[in-house]
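In this document, chain identifiers A, B, C, D and E correspond to the written order of the chains, with residue numbering beginning at 1 in each.
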Amino acid sequence: MHVIAAGLVVDIGTFFTQQGRMLVAEGVKQIELSALAVAIAIVIGLPIGAMVGHIHKLSFIAVNGGNVLRALPTLSIIAIGIGIYGFGLVNITVALVILALPLILTNAFVAVDGVDPGTVKAAQGMGMTGRQILLRVELPSCVPLVMAGVRTAWVYVVATAYLAAFSGYSGTLGDVIVDIGSFGLGGVLAATAVAVVIALVGELVLAGAERLLTPRGLKLAANANPG
Amino acid sequence: MTHDETDPIAASGVRRQSQVEIEFRNATKRYPGQEAPAISNLSFTIPAGVICCLVGPSGGGKTTTMMLVNRLIDLTDGDILIGGASVRSANTTELRRAIGYVIQQIGLFPHMTIAGNIAVVPKLLGWPRARIRERVLELLNLVQLDRSYAGRYPAQLSGGQQQRIGLARALAVDPPLMLMDEPFGALDPITRSALQDEFLKLQERINKTVIFVTHDIDEAIKMGDRIAVLREGGILAQFGTADDLLAHPVDDYVADFVGADRGLKRLSLRRMRDIVHPDPSLEAKPNVPTISADASLRVGLSRLFTTDASAVRVTENDGTTLGAVTLDELREAVAAHRRTDGAP
Amino acid sequence: SGNSKSNAASTSSSSSSSKSSNASSNSSKSSGSGLSPVTAHNVSLPNGTPGQGKPSVTIGDKNFPEEFLLGDLYQIALKAKGYTVTVKPNIGGSEIIDTSFKSGQIDLYPEYLGEIVSSVAKKSPQKSDVATYNAAKKFEQSHRNATLLKQTPFQDVDVLFVKTAFAKANNLKSVGDLTNVGAKGQGVTYVAQPPSRTRFAGLKGLQKAYGLTKVNFVGAPPGQQYKAINKGQGNVGDAFSTDPAFASGVNAGKYLALNDTKHIMGFQHVAPVVKQSVVKAEGPQFTKTLNWVSSLLTLKAVQTMDIAVQTHHKDASTVAQKFLEANGLNS
Amino acid sequence: MTSAAASIVLPAWQAGPVIPSFGSSSCTSSQTFCWSWVRTNWAGVLEPALVQHIYITVIAVVCGLIISLAAALLAYRVGWFERGFTAFSTLLYTIPSLAFFLLFVPVTGLGLMTIEIGLTGYTFLLMFRNALTGLRSVPADAIKVATGMGMTPRQVLLRVNLPLAIPSIMAGVRISAVTVISLATIAADVTPLGLGNPIFFALHTTFTTELIAAGVLAILLAFAADLVLVIVQRSITPWIRARAKG
Amino acid sequence: MTHDETDPIAASGVRRQSQVEIEFRNATKRYPGQEAPAISNLSFTIPAGVICCLVGPSGGGKTTTMMLVNRLIDLTDGDILIGGASVRSANTTELRRAIGYVIQQIGLFPHMTIAGNIAVVPKLLGWPRARIRERVLELLNLVQLDRSYAGRYPAQLSGGQQQRIGLARALAVDPPLMLMDEPFGALDPITRSALQDEFLKLQERINKTVIFVTHDIDEAIKMGDRIAVLREGGILAQFGTADDLLAHPVDDYVADFVGADRGLKRLSLRRMRDIVHPDPSLEAKPNVPTISADASLRVGLSRLFTTDASAVRVTENDGTTLGAVTLDELREAVAAHRRTDGAP
């Protein structure tokens, strides 16, 4: 096992030096694709999740609906998509959105649903409309949990975006990752390493965004916890 | 906003005219899963522009009553009319905007600064920035907090400070109706008395219709033009002026509630000014204690009873002497008052 | 056949499907004029149950229908001859099954020989079936302490196919004719599993051997090429030469496999890969039994069984059993 | 079927092997859906695949939950652990299953073990982060009181943070369960267990009926799993419904 | 637990002996980011077994003081000694288990039923189930709530009911030390007075050392063996008995704090029993109002002053007449008392 591992490290290193350019280009495309999918998932999932959390009703239908779509392997979704919207960016994006959606939707629901009822009651008592309560009170006070969904979704999408190679959308790291025959395990792992870095860096960026979005008052309240 | 017959709030003019009457008609609320109703057949009318204090036992349904008015919970039975229009058919958002609500749990928004908390409704109504800023400082001042608190967060405030922000927030747009659930419950006597005075001063200018929950019977006497006493199970025990309650409690429960020393409490309702008479002999006496003409008879009694002086000198705020009051005169004044209305 | 053979794959398939010339051209290519020295021919089935008392042996097979069939065929024959056999079916693609073999999880598995050369040994395609066999065998001997038994008469290479109507419209018979669609293959959209993009037995071969440098490549999930071509998502698909679509059956005549005159898809006969120690321990009757099975596997036989399994949804082991019994196996 | 005669007469290769007739099926691949296939193959193909899929999923989710929860509890106390475990679980999730199997098959073999290791690893990221975020979003007052009562930090964590984090944890479990149901199809890469078998078989043979049947089973399973988890969650968080009433 | 010199709590015996003294030594707390300290150089000693009421302005540092004692926040400077041992070096868990804490925000655990909330500490200490059950019912009874509340969740209770559960929870294991941050702040006068009496009865049996924050000066007078008055900025204004404060407020601030009617308040400290004398002529007078011997002079005054009666009949609880008190006698008794200690 040790020997295998050592050999692998050499393989990965070699691959980087020889194919670094290509990996970078593919990495960029992977980022674009992932960002697109996560953005769409946010645009769809966040409002639905938040709304359902706000009214404390219909959660099972919304969350389960989003969830159940994922039950099929992403590859099957791609295959099914061929017959509906064909190959290309649309196909892989739909598959990735289906992957990311439940994460964002469910967490948005749980987050908003769990906002302190006293706070919400105060907001209602002030005559805020449902929408205003949601946007000005509920969402700002549950940023961490909402963002937990987004961050996990990002990692999931980056990690799965290699399936683009099966959707007629080439140029991502998937071209290497699915082709162990041509690139070898070293090449696959090198491309995987790039994906891991993208996932982690994106994750850090999102953590930064979370910190910016989390109101200071919430952090103070949390820090008031004695240790 | 144009007058719209289908919108009870617009129709009742809550937003335009500042005085509205609140009428409870057999209002009843039963929480799901609970056998006994929290509020039973509550019927009474709070005239427009009046502060009605709501007192009653813990768990007696005061908070429930408040939340029925602004529809944070829905009536099980009966109705509540605001300016003649039923809350049942009101647009809840409109209704609540017209009502300032100070909730018992304070419920500040933890993610907003103090200024942000106070400015919530002005922002909703789209006030210009400068006006909001000014209003925030004005309100901080009103609730006796330094403007340096504007930038802090709720977690950095003491309990009483938070409560005062809750009050400021509810007052921000000067709503014609106020529901105040123990707004001063966490305040020390000095701050509390200052805020009571501020609020009464405000009320003199803008006659709001107010429902004010308190546990402090002295506060109810001071603040309430009317007092509604609830008993266990949300049943109305008595509704009337403070003097009614103190002088004629309908039963032992109410008598107990207003306190064994209710006789002394009643003294709080009258001022030294009302019973003072000129007394030329005062000039000769050097050691007579002085008391403001606006002090209550209770404070006068305290002075007289606990010093060796035979009389107190009553002075205007500018220092001019109005006259003197002796213990016997005080007692006589009280007795005369009692005889005219037949209280015990 | 490279690719698809290598793994049918789920989420992480590594190989592509490529194919050589169409079905009918296979046999002639593979064996040249006479009998190929590496192919099992006319082997007789050992008598009795020579396997009794021999150590147990574990057979693996890969994760697509034809492999299930192959695994069942060898296994049923061995069991009938008294060998103690354990089967670990459905083991990923070429890389995973090789890893399993290497690490001793299995002792024997049927493999497409071009796959051993390209996916496992990582060598360039060989010029003939014999060369392919030899290269594969050499690799297994030196790197896996294993050997190859005789190969099957049939092979299953990747083929490029088009709709018959499209072929007619563009006058297509062989791969080279794709220039008819557009100069250097412009206008051709080639649908295959992703690894075909980088392989000689795929896009690279089309470019280098046929000069079709303008062909557009589209990666698709395993098995989706027909659907993609039907839906007009591409006009040239990659399939297996043994696919039911090219035999008589429901889809007969719908598709045309283009003749791979330059053999870019290589040679994909099947032979059992066996640990040398196992060959020794099990004795010559063991090898003979396996060779007997291999000798029966002509293109027609395999294609018929494939249709039974894939088109008519018959259970693979039942089909295998019936086939072997029809050819003299008494259970 | 085997006659004595047939066993003696060995076919000559020139003649080719005997190719018997295997019969045909009324269901073909091009058909949209064929009920009779489902009926005949329910007991032999679909039901066992479904049952296997269920236990593959249950094992992975339960193991994943235990490990993720333990990690989240640790990360709540030990700051650096969060980054470390996040990176680790990101790595696990990002490694393609093929590469994963290539690394693990030699060690853990061609069985359930290898699959469960992979699937369990795939749940970490989701369950860990949701659990940790949930533990952290507990109201400050509750923690202050608990601490003031003399609970040790560990007791505060287990008796106050943990139960109050249940909605967030269960959200993670719900998605993980469905994710595992979807990913468990890769089991078919290593061993013929679960719905991945019929699904990939159908993909290869372009047999729509089988694809739809197995796919629908996966979706129904996901639905049922989600339903069960919601019921479990409701029953262990009675205070949430108490709050909602009124 | 064995005696262990390195463990201040064990050493000071907080857990074994029920009476411990609390000493503040220049205790100072400055919150991060705040210029002014919340607590400055607080120095005073609460004797063992005594209830010390802490009063002061909103934001005056009362809650901060409490949290310094049980180390929910840490001292910036100075020290606090419990039974002679510094809290700085105490094992916080041990320390806190020995101290019952009622927080101002109530802070019930939303996920536990009422019974569960009350049982938290007993469970931590591993009490047997039956004992816990019994104790829960006992405490519900103590805080005047029906046992049917045991199975409810906090969200289903009124504000005052929640507060009572907070108290019950802190009392569960009868800790020798109690920190009570406005424990009765949300209660109506009847319930409050009942709970005050219950607590005092309890205190007679088990002499806890208690710090009790209140805004109600009457409550402080009734409950506090000592009263500490803080002023803005957490500075100690005065520390003494209720009588000290009422009779000799050190400055206008304290005088204001205890109220303009502090003379009457002082009457609350004495009972009719203390000044009554036998009066045989009482039998002849039919309309004399009756008052309990345990009633305060304040209640007596209220009765005398607000009726036409010249005297009240003072009776034992069993109905036997002890004698009579006239207004003049009452006044004389107060004056005599005042002369002995020289108050104004």
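Convention: a contact is a pair of C-beta atoms (placed from the backbone, for glycine too) under 8 Å apart; a residue touches a chain by one contact, two chains touch by 3 or more.
The model shown is predicted, which means the values in this text are computed figures rather than measured ones.
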For chain B and chain D, chains touching each: A, E
Lowest number of touching-chain links that must be crossed from chain B to chain C: 2
Of all other chains, the one whose Cα centre sits farthest from chain E: C
Central chain (by mean CA position): A
Centroid distance [mean C-alpha coordinates] between chain E and chain D, Å: 59
Distance between the centres, which are taken as Cα means, of chain B and chain A, whole angstrom: 53
Distance between the centres, which are taken as Cα means, of chain D and chain A, whole angstrom: 19
Averaged-CA centre spacing for the pair chain E and chain C, given as whole angstrom: 90
Set of chain A residues in contact with two or more other chains: 73-76, 79, 117, 177-178, 180, 185, 188, 221, 224, 226
Interface hub residues of chain B, defined as touching at least two other chains: 31, 105, 155-156
Contacts with 2+ other chains: residues of chain D: 96, 98-99, 102, 106, 139-140, 144, 147, 183, 185-186, 196, 203, 243, 245-246
Chain E-facing residues of chain B, complex: 31, 34, 55-60, 62-64, 104-105, 156-161, 163-164, 181-182, 185-192, 215-217, 256-257, 259-266, 295, 298-299, 301-303, 305-308, 327, 331, 334-335, 338, 344
Chain D-touching residues of chain C, taken from the complex the two chains share: 7-14, 41-42, 44-45, 60, 63-65, 88-93, 95-96, 99-100, 102-103, 105-106, 153, 221-224, 226-227, 250-251, 295-298, 300-301, 304-305, 308-315, 319, 322-323, 325-331
Chain A-touching residues of chain C, taken from the complex the two chains share: 2-3, 6, 10-16, 94-95, 118-119, 122, 191, 193-195, 197-199, 217-221, 223-224, 227-228, 231, 233-234
Contacting residues of chain D [partner chain E, same complex]: 139, 141-142, 144-152, 155, 159-160, 163-164, 166, 237-239, 242-243, 245-246
Complex contacts: residues of chain A adjacent to chain D: 1, 56, 60, 63-64, 67-68, 70-76, 79, 102-103, 106-107, 109-111, 113-114, 116-117, 142, 144-145, 148, 151-152, 155-156, 158-159, 162, 177-178, 180, 185, 188-189, 192, 195-196, 199-200, 203, 221-222, 224-227
